[in-house]
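In what follows, structures are represented as structure tokens.
After this come two complexes, each holding chain A, first together with chain B and then together with chain C.
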Partner chain A sequence: MATPYGIKFAVHLITSHFGNLVANVCENLLRKGPLTLQQLIRFTELTPLQIKNSLLILIQHNCVQPFSSEQIGAGGNEVKVTQYLVLFDNILHRLRFPKFLEIVSEELDKNCGEILEGLLQHGRLTLEQIYERARDNAVQDAVRESFQKLLNSRFVERCPAPEPFVEPSTIKSSNKRGAKSAKLDEVSETEEQRVLAAAASLDTLRFSILTPSGTEFDEDKKDGDSSSSMGVGEKRKHGAADSDDAFGSNENEVILWRANFEEFTRYLRHKACIENVRARLDVGAATVLKAMLDATRSAEKKVKTENSVSLSMDTIFEEVMKSEAGRSLTLDRVRASLVQLGCSSSGTDDTYSIDLKQIIELAQKEEVESIVLRRYGRDAYRMFRLLSKAGLLQETDKIADMTFVEKKEAPKILGKLWKDEYLHMEVEYFNLLIKFTLSSNMAICDVVDKPRLTLSGMSDLVLMDQNKEIVNKFVVDRNTTFYLWKVNKPILWQHVLDEMYHAALNLSLRVIHELDQKKELLTIPPEKRTGPLEKEFKRLKNAKFFLESSLMKLDDALMLFRHF
Partner chain B sequence: MAYRGRGRGRGFRGGGGGIGYAKQEPFVYFPDVELPDIKGVTVEEMLVRRSQKLLNYWKASPYYLEATISKKGQNAEIEKVSDRNKVGTTIKRDSLSQILVHKSFPVELTEGSKGWQSQPGRKRVRWNPDSELQKLDIFEKLEQRQAQNGRGEKEKKEGENEDEDEDEENEETEEEPSDDDDYNQNVDFDDDEDDFNADVDGEVVGWVGAFKGKSSSSVTQTKANVNGTHSIVLEING
Partner chain C sequence: MSRLQEPSSLKRKQPDSRSPLDSLTEHERIIYNVIRSKQDMGIWMQDMKRVAKVPDNVANKALKSLETKKLIKEVVNIQKRGKKHYVAAEFEPATEITGGAWYSNGKMDFVVINILKDQCLKWIYKQRVATLEGILDAIRKSGISNVELTTVQIEELVRALVLDNEVVEVKSNGMGEFDSIPVGKVCYKSTSKGSRGDPKIGAMSSIPCGVCPRISDCTPDGIISPKTCKYYSQWLDF
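On to the complex of A and B.
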């Protein structure tokens, strides 16, 4: 689900990478959902050619997925139309391309990094294009080998189908607005999932160079010559299709490859878990976790998997021993770490799996709490922590008591948090509640639809939770107004994410602004930059590095809230 | 750095009897905020450098679409040959169609577009973004073509690219491939014809300005293939 500043930031990224025209098309797709070419012509007011080129670029760079579906045409009959679905997450991934490159350079090697760079620069490439791009054609074998390495680690995958057919959804999402807008988001999210599912390559083929017929295309075998004669001209004979298939089998099939964002996200998710454990527990636990996750990464089904794949104690120990840091750990130490990580052996078999979801949630909580601490102070931090732990509505005075905050201060701070949308407050409810009448032995409450709050007895106000357990009891009179506070996590997480997009946008704009201000300074050749000019240049360079490094760090937090 | 005082106010909004209601506030681009300690920021040099490298690449690639406003038409100066080598800010971009694999896109996006018909002589994926040439005036381009005839399709592709980039008119109406053999022999000329088809608003990039300075003339073009060389005859109708 794209938040308001998320959209702005995404459009900003596209503008700086591909220009205003492409960004215009992209923005319309982000704000209005999947559109047809005709609709885009109407909304963007660009020429058809400009729109087509923009779409080509967006598709090429995996930011848009076309799909065909049937709609009721003008004549009342069903017409096949092509719609374009924008992929918000893939746009945001562009911000972290440097991180992906770093991962591959560290995990694999420089050549793999080169190939990945090409894939990121162009969005998608055929194998032939990858060979062409390599500096020295004579080492095509080496390129092929590096490419295979990337495939094996799943950092590279086949591109999805260019135009899958998707059944129109039964819920007519386009006409409903307003109260149903929350549902609209839900619908759009499932629609996106359906389109992506329809487009995705078969699991067996996704990371395989093999063609569906099972034959592997080997250019050397085909020619019989050395690869240097495998020049551009050779391929031309076989038509325009850049077919990687076995010669003559299926010239129409063109296999395009692209970076597999899912795998990089998974890698970064693991890294975040490991770092969190390292900071929260100790190095030993972090080493054990790293060993487990490295071993099972390829077995994970989806990125946001809740638990890591189960491993037996022996396997875990084996994997730990493989790493340098783990060599010094004993079996007992490993066992202790597993306990620290909160997992005990499941059932009769000696297998362990880590609750990754819990680690991520903890990390997210820490992040939000640190924001509250920084912005609103220590008292607010304590109150916020209390509320987020409790999960229930809590009353002001009670909060103040439990966190040792002055009773006068508490409402002000809580009010501030609520105003900035960090807390959820229920007060209207209690304004209505004041209407209740105390008469003889009966207390009548006007608003009784909330099971949480009921009245019992004469002048007792009883706070109950969903299970009708009494949480709190107050003595009231008709002038009492209560304020109840709560941390609404799902809403708050979205809000924090939106604030982060806003911050990221601000950072980016600031960098551009700073460089723009000193445009002339940048055009002066180094030799001519003397004295104060050189000083200013250095300051500018520092500013850029600091701002962009901050952006990279902020991106870690963005991923924590969005992708992990 | 504080940028206070930049662009004071946005004009007085006092209309409709609301004088004094709207408080005029100075517009500040980046208001001062309390920033954390800079020592806490680890500089990720490699990441920043990689990021800049990618950004530079995209800006020079065919993927960066610019809306070229054909102000050239109003500029009566004829570009000198010596200007061609001046390092300018405009970057010569290759055509999208040379890089993209047309079968991997929906048909409606690639149909009718000249560059997609056949992809012989596809350009290498790696190009040199450092070659920053100013956009050639079309007239000069034709001269070039005549002089360097036979160098092959590479030149033509560049010309085609320029046409695609510069074209704002409804080129697609003229994109039906002609059955005439003459036209088929040279893909680019078809594009030129599209450019010069002034059915829309008569604005022809570069040409009219160079010749007449009129903004509304229709230009038609005929061509002949004589012994493999290309010659162009232009009729300018006022």
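On to the complex of A and C.
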């Protein structure tokens, strides 16, 4: 689900990578959901050619997936139309390319890293183009070997179908991507999943270098492309731009490869789980978890899997012994670690599986609590933890009592958390229960049997109808008015994620601002940068490094909430 | 420590047989009845005057007289400290008014609370695993408190420590460090690392925007924006 700042941040990434035109097209797709070329022309007011080129770039970089479906045309008969679906997650993944490269050079080797770098830079490449890129640096056999390694570890995959057909009945007509409406977003989420499922290549082919006929593609296709003298990226664009109805539909014989973001996400998810366990429990538990996850990574069906794949005690021990850290563990120690990890042997078959979802949820909770502590203080932290543990509505005085906060202070702190959307509030006035939902700093209250009313003020509540006519004033009398509070986790998590996108955008904008401010400084050649200039330059370099590494760290948290 | 009282309830004292009520003036009686009608919640002086419709100077005199006759008492209302609040003498003021056991003179007694919390924490860290009874016993023996603490009060303190993330609540499994504790019994453990202090700082809360009170007012090109942001300027001031 793309939140308002999620969209802004994604548009910012696309703008800085591909410029304003592409970003314009992308933003429309992000805000309105899948669109046809005609609709895009209408919404963006760009020329058809500009839009086509923008779409080509977005498709090339795996940020847009075209699909076709049947719609009722003007004459009342069914016509096949192509729609473009933007892939929000893949846009965000662009931020993580350095992380992906690091994984490959750590897990595989430098040559694999170079191939991946080419794929990330160009979005999609044919095998031939991959060889071509490497021609100066390595012999073809070595490249083939490295490529095979990347495939085996699933870091690279075959591109999905260029334009799958999706049953019209499964496509919702609603094109709105309501910024704050979770319901609508759920719809587009499933719609996105449907399209992606239709486009996905068969698992057997996805990671196989062989074509269905069993030959390696590059052997018989080598001279098929007339534009082989062009630059790698150029070629793809031109090749696809010639086909005008569906981009790239002439490619049913050309096999394209790309980085497999799913596998990288899985890898990073596992890593986050292991690091969390290492910090929360101990090194032993982390070693055991790592061994289990490493052994079963390719058997996982989806990234957000709840439990790790079950393994027998024997296999676990064997896997643990494979790593240096593991060899110091005894069988008893491994068993103890498994207990620490919250899994005891399931039933008679002595197999073990770890609750990964629980680890992720704990890590998310830690992150949110840490924000509450640092932004609102220790009293708020205690109150928040109480409410998040309780999971149900609690009354102000009771909260104050249980957290040792002055009864007079408690409503102020809770009110602040509520205003910032960290808490959900209800008011019980006599026997009237009023529910409050915040939307852009305006509270919407649902009173039983009453129209939607708005509220202003915290200390004395004033209920107003849509015309701002005062309907009712609440005298905050402690005998008749009760404030009830709760942590509404799904809504809050979404809100925190949005704040994270906002913070990520701010970090990126600040980098640009810092560099912008010191433009002249950057043009001065190093030998002339002396004295205060040198000092200024160092400061700028530090600031840039500081901001960028903070962004990478923040991205870990983004992934925790969005992808894990 | 004498402030630590049992949570109060409606404790009605038997009125005297030769009641001072007989000697009340009319105004005193009106005022007394208003205050008494509010039972253990009592009433703020100004509200009382409004309800009783008695002139200010007469009311003040009557209140003094009622206090001397021990028919009413002045209490500190935690919600409106410094404002005169009266409860009829026969009622114990409600916890809504006094704040309850941990309040003294309308203020939460943080000195006492913090000393006791610290003692609980020290004991738990020393023992690694402790039960409520064990903690209570240790505090009693330490003589730090000259007032009998109840298990309920210790529980309140330890729960707050759990919310502080200083200790965790666990159930005994009767093995290892739990071997002296019956299986299933709730006990308290030091947090895993055995280190006290603030919890881990998250990625979001280690950057200015993560802890920024103005984040909802901040926009890329607004008056508050990352370009003009003073928090960033401070942060990047190496």
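Everything that follows uses one rule, which is that the second predicted complex is superposed on the first by the 458 of 564 C-alpha atoms of A that agree within 3 Å, B and C clash if a C-alpha of one lies under 4 Å from a C-alpha of the other, contacts with A are read in each partner's own complex, and residues count from 1 in each chain.
In this section, a contact is a pair of C-beta atoms (placed from the backbone, for glycine too) under 8 Å apart; a residue touches a chain by one contact, two chains touch by 3 or more.
Predicted model, so just to flag it, every value in this text is computed and none were measured.
> Who does A:N77 touch here: chain B (first), chain C (second), both, or neither?
Neither chain B nor chain C is touched by A:N77.
> Have a look at where A:F546 lands relative to chain B and chain C in the superposition and call it first, second, both or neither.
Both partners.
> So, does A:D397 touch the first partner chain B, the second partner chain C, both, or neither?
The second partner, chain C, only.
> Thinking of the overlay built on chain A, is A:T204 touched by chain B (first), by chain C (second), by both, or by neither?
A:T204: touches no partner chain.
> So in the superposed three-chain picture, is A:H513 touching just chain B, just chain C, both, or none of them (first/second/both/neither)?
Touch partners of A:H513: chain B and chain C.
> Considering only touches as defined above, state whether A:K99 meets chain B (first), chain C (second), both or neither.
Touch status of A:K99: first partner only.
> Counting only touches as set out at the top, which of chain B and chain C does A:K408 meet: first, second, both, neither?
Only chain C; A:K408 stays clear of chain B.
> Show me the chain A residues, by the header's touch rule, that chain B contacts in one structure and chain C contacts in the other.
510, 513-514, 546, 550, 553
> Would you mind writing out the residues of chain A in touch with chain B in their complex?
16-22, 37, 47-50, 52-57, 59-61, 66, 68, 82, 97-99, 101-102, 118, 120-126, 129, 132-133, 159, 162-163, 232, 236, 240-242, 252, 254, 256, 510, 513-514, 544-546, 548-550, 552-553
> What residues on chain B touch chain A, complex-wise?
Counting only chain B, the residues touching chain A are 1, 29-30, 38, 41-48, 50-51, 54-55, 57-58, 61, 63-67, 96, 99-106, 108-110, 113, 118-120, 122, 124-126, 164, 167-172.
> Spell out the part of chain C that touches chain A in their complex, as residue ranges.
Touch residues, chain C against chain A: 41, 78-79, 81, 96, 99-100, 102, 107-108, 110, 113, 156, 159-160, 163-165, 192, 198-207, 209-213, 215-216, 218, 220, 225-227, 229, 232, 236, 238.
> In their shared complex, at which residues does chain A touch chain C?
Listed in rising order, the residues of chain A that touch chain C are 8, 279-282, 366-371, 373-375, 378, 381-382, 385-386, 397, 401-408, 420, 441, 478-479, 496, 499-500, 502-503, 505-507, 509-510, 513-514, 539, 542-543, 546-547, 550, 553-554, 556-557.
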